[in-house]
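Next up: the structures, one after another.
Common to both upcoming complexes is chain A, partnered first by chain B, then by chain C.
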Partner chain A sequence: MIPSDYSGEDISRRLDPRAKLLVTIALIFSLVLLPKDSFPVYGLYLLLIITFILLSHLLLIPVLKRSLVVMPFVLLVAVFLPFVSEGEVIFQRDLGFIMIEVTDMGLGTFIGVLLKSWLSVLALSWLVMSTGFINLVKGLEGLKVPRLFTTLLLFIYRYIFVIFDEAVRLRQAMESRSFGSLWLKVKATGSILGVLFIRSYERGERVYQAMLARGYDGQLKGLKSNEFGLADTCFVSFSLVGIALVSLVSLL
Partner chain B sequence: MHIPDGFLNTATVATTMVISAGGVGVAARMAGKEMEEKKVPLMGVLGAFVFAGQMLNFPIGIGTSGHLVGAALMSILLGPWSAALVMSLVIIIQCFIFQDGGLLALGANILNMSLIASFSSYFIYRLSGRAFGHLPRGNLIGVFLAAWSSVVLASAACALELGFSGVVPLGVALPAITGVHALIGIGEGLITAVVISFVRAVRPDLIKSRVEMVR
Partner chain C sequence: MREAIRADNLFFSYPDGRQALKGVNMAVYEGETVAIIGPNGAGKSTLLLHFNGILKGQGRVSIFGRPVDEDLKWTRRKVGVVFQDPDDQLFSATVFDDVAFGLLNVGYPEDEVRRRVALALYEVGLEGYEKRVPHHLSLGEKKKVALATVLALSPDILVFDEPTSNLDPRAKWSLLLGLKDLTQTKVFVSHDLEMVRELASRVIILDEGKVVAEGRVEDILADEDLLRLHGLLPPVFSHSLSPSVINSMSPS
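Let's look at the complex of A and B:
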């Protein structure tokens, strides 16, 4: 269920995660600033992100697939946009209890927002798939995110898989024994979450004690961070110029 | 309720980022006190618990399923500051691993689902403790209300942010989004109440807010 870490050796691995983080933030930020109806510019953004993906020696199809996974949820947020905006009515239907009206501006906002979200998700997918979560956290630390957060992020990431396996086992046990009314199911789900919480808490305490026994003093020794080299500087500058050019097109 | 990138305008992104960064920073400092020692590993494992708990779908009838958000649960079990810290980190990881919720929308998502959800549920839990008493049954009503309102208030904040960003008229978004989540919140409330009553039966010492009550 959780996409596994990408572990390959290639040009993007050699790029500093900070460089890729900066470029991704800049790219999404410029997308946010973009007027919603500048459709041709979205195509240029797509080209730009595809260039990043190909530069990283990632296969295009898996990245595209991954970027689509979350889109149903985005659609869920956006689904009512066409119906609620002002503008000229282009579609109308009476459903008996409610009148549905789709306006031209509403439809434009809907498509624009969906494209913006998808491109942002695609950029984020590229970032994560070409960097890997652990390197990404290293990058965050390099960008002066406090040590406590990065340590906790790594801890959570480390134990997601452990706790999730435990949760799946508990649910299997529940499903093979419990059936019946909805209330029973709610109670059973609540109980396994309770068991899961207690087991997680106790596991956390054991981990803490094990670390104490090995000399843990509340400070994790730092991850070795990468050098921000010439290649990174080049990558960041070229990308920023690219993003600036693409957003300038929208002003034309 | 995860807001993707592309929905919020620059002003909303900036405002929510500043509020959340400050809030999470304070939460990190206060959580250290709440958890007695620097129990970073414990917080980490509990973050993983929230993550796993959110992936356990339970059926809510008519072919749909829901899942726990967990802010109220963590807030009652660990205290609001620790809950806010853990929930914020979970939201950040969800953004990076699943691309669920946008990168620049992180500020808004953390504000809604972590800060607002944790603190509203904590205060409502404490208030209803006064109203219904601390006996098991009255206490569970408080848990239900806390969890329900955490979902509703978080969704209201989400609607306000979308409204201020101009993607939807506020007059439509607020009642629509809050209304849907008033229903979703019932599931959250019931499950949270069952989990709390289970933990109270098995390991009552783990409930932080209960320890405060006894004192």
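Let's look at the complex of A and C:
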């Protein structure tokens, strides 16, 4: 999913992206390890994430909206869980060729999985929307993710729009001359994909030449990240304590 | 006068067998501005990419008397190449990262990198553009940033591939006047005769991989037959589709 705020400007510049990354990772891990039926604790997590969102001066509704984008996929994966788990049957129906049974544990797992995924995505939405893609990747760099990976991410981010524009132009040129059947259109779309691939390949060559021209020697270099400030340390400590407390509640 | 660039008997074939350069002999002297003009496919861009050792053909290319491939790092600091498509040259997520790329490859300390980036952007009239995203700049701005990425390295020779292509007159003249103020030795490829007249002191005509003419800009641009022969001016007998011809073809 491409973040829409590709101005690259940080929405809340006060926190180091590394701090937010660390907190998000901790939060998602503790969330995943939570016993699946500790429902009140999910509410506490929601509260914690909403606090982050409001602290970053983000509007709640757009973040919530974005967090729902991936939910259909989660639903698709989780939809069979209520029917295949063990446990007490709470609903039963004979469809003639197959017997459908919903178990209590199955239903619990289903709802648990849905909530866990949604809360994780919500936390990620907060991270991305409050940091911006570029700062996020620089944060990853600061956390010692190999520069090859982070540079690759930035290249994708830089060129996905260029390639998209190229695809739009190709499609417009095709549409302007397209009077044939659907099959012809499908064939033309196939060759558009081919042309896009070749153009991207050639652009890659030219970009590499441009890199060489400015002294690239196979070693990607970067500036040091900003200092990890007091505010960042406080944010990380308080958030980790918060996450720990919320997890403890689930053990009670 | 010192020879800034010299090519002796330069041949180059692309991997598909197409011969782009067939024995090019030319020289550029320190402080002058040379325009290399010629029709499409004459080998102009191919020739430019030999000046900093991106392409290697048979023959000899030297920069200030030193073979290009003796020390590629040195060559690429002396010769700055501005590519035709700024989307090839600007491959980073932000303008700052792009201008800093070459500086980091040289190994400048951090404050020097920041100082030079700011200075280079100031020189092309785009101060304060550091945080901007290349994708969201106009073509004119992109071309100027591309120039800044090269100027930041303070090369002695500037090489441009079609610097004004696709620009509207306003953006073209804005760039052109900026280029005029640069004191470095300049070589550019173009078929924009208006620009050649404005900028160049000497002209080299390249056609089918060979130097076919060279001379002072006034002499070359005054020789209309020569320009016409190499497809740089409209043909004389351009009345083949004039109203009288079309009338004579109509059935009445």
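Here, the second predicted complex is superposed on the first by the 215 of 252 C-alpha atoms of A that agree within 3 Å, B and C clash if a C-alpha of one lies under 4 Å from a C-alpha of the other, contacts with A are read in each partner's own complex, and residues count from 1 in each chain.
In the analysis below, a residue touches a chain if its C-beta (ideal position, glycine included) is under 8 Å from a C-beta of that chain, and two chains touch if they have at least 3 such contacts.
All values reported here derive from a predicted model rather than from experimental measurement.
When the shared chain is aligned, chain B and chain C each come close enough to touch A:Arg203. Look at A:Gln172: by the touch rule set out above, it reaches neither chain B nor chain C. When the shared chain is aligned, chain B and chain C each come close enough to touch A:Phe155.
By the touch criterion stated above, A:Gln92 is placed in contact with neither chain B nor chain C. Contact with chain B, but none with chain C, is seen for A:Leu81 once the two complexes are overlaid on the shared chain. Applying the stated contact rule after C-alpha superposition, one finds that A:Ala213 touches chain C and leaves chain B untouched. Between chain B and chain C, B touches the greater number of residues of chain A.
In the superposed pair of complexes, A:Ile134 makes contact with chain C only, with no contact to chain B.
Residues 133, 154-155, 157-159, 162, 203, 207, 211 of chain A lie at the contact with chain B in one complex and at the contact with chain C in the other. The residues of chain A lying in touch with chain C in their complex are 6-9, 133-134, 137, 154-155, 157-159, 161-162, 203, 206-207, 209-217, 221-224. Within the complex, the chain C residues that touch chain A are 49, 52, 54, 73, 76-77, 80-81, 83, 85, 87-94, 97, 100-102, 104-107, 110, 113, 131-136, 149-150, 153. Across the complex, chain B meets chain A through its residues 2-10, 13, 24-25, 28, 37-49, 51-53, 55-56, 58-61, 68, 73, 77, 85, 89-90, 92-93, 95-100, 102-104, 162, 167-169, 172-173, 176, 187, 190-195, 197-199, 202-203, 206. By the touch criterion stated above, chain A contacts chain B in their complex at residues 1-3, 24-25, 28-29, 31-33, 66-67, 69-70, 73-74, 77-78, 80-81, 84-85, 109, 113-117, 119-121, 124-125, 128, 133, 136, 146, 148-149, 151-160, 162-164, 166-167, 171, 182, 185-187, 189-198, 200-201, 203-205, 207-208, 211, 218, 220.
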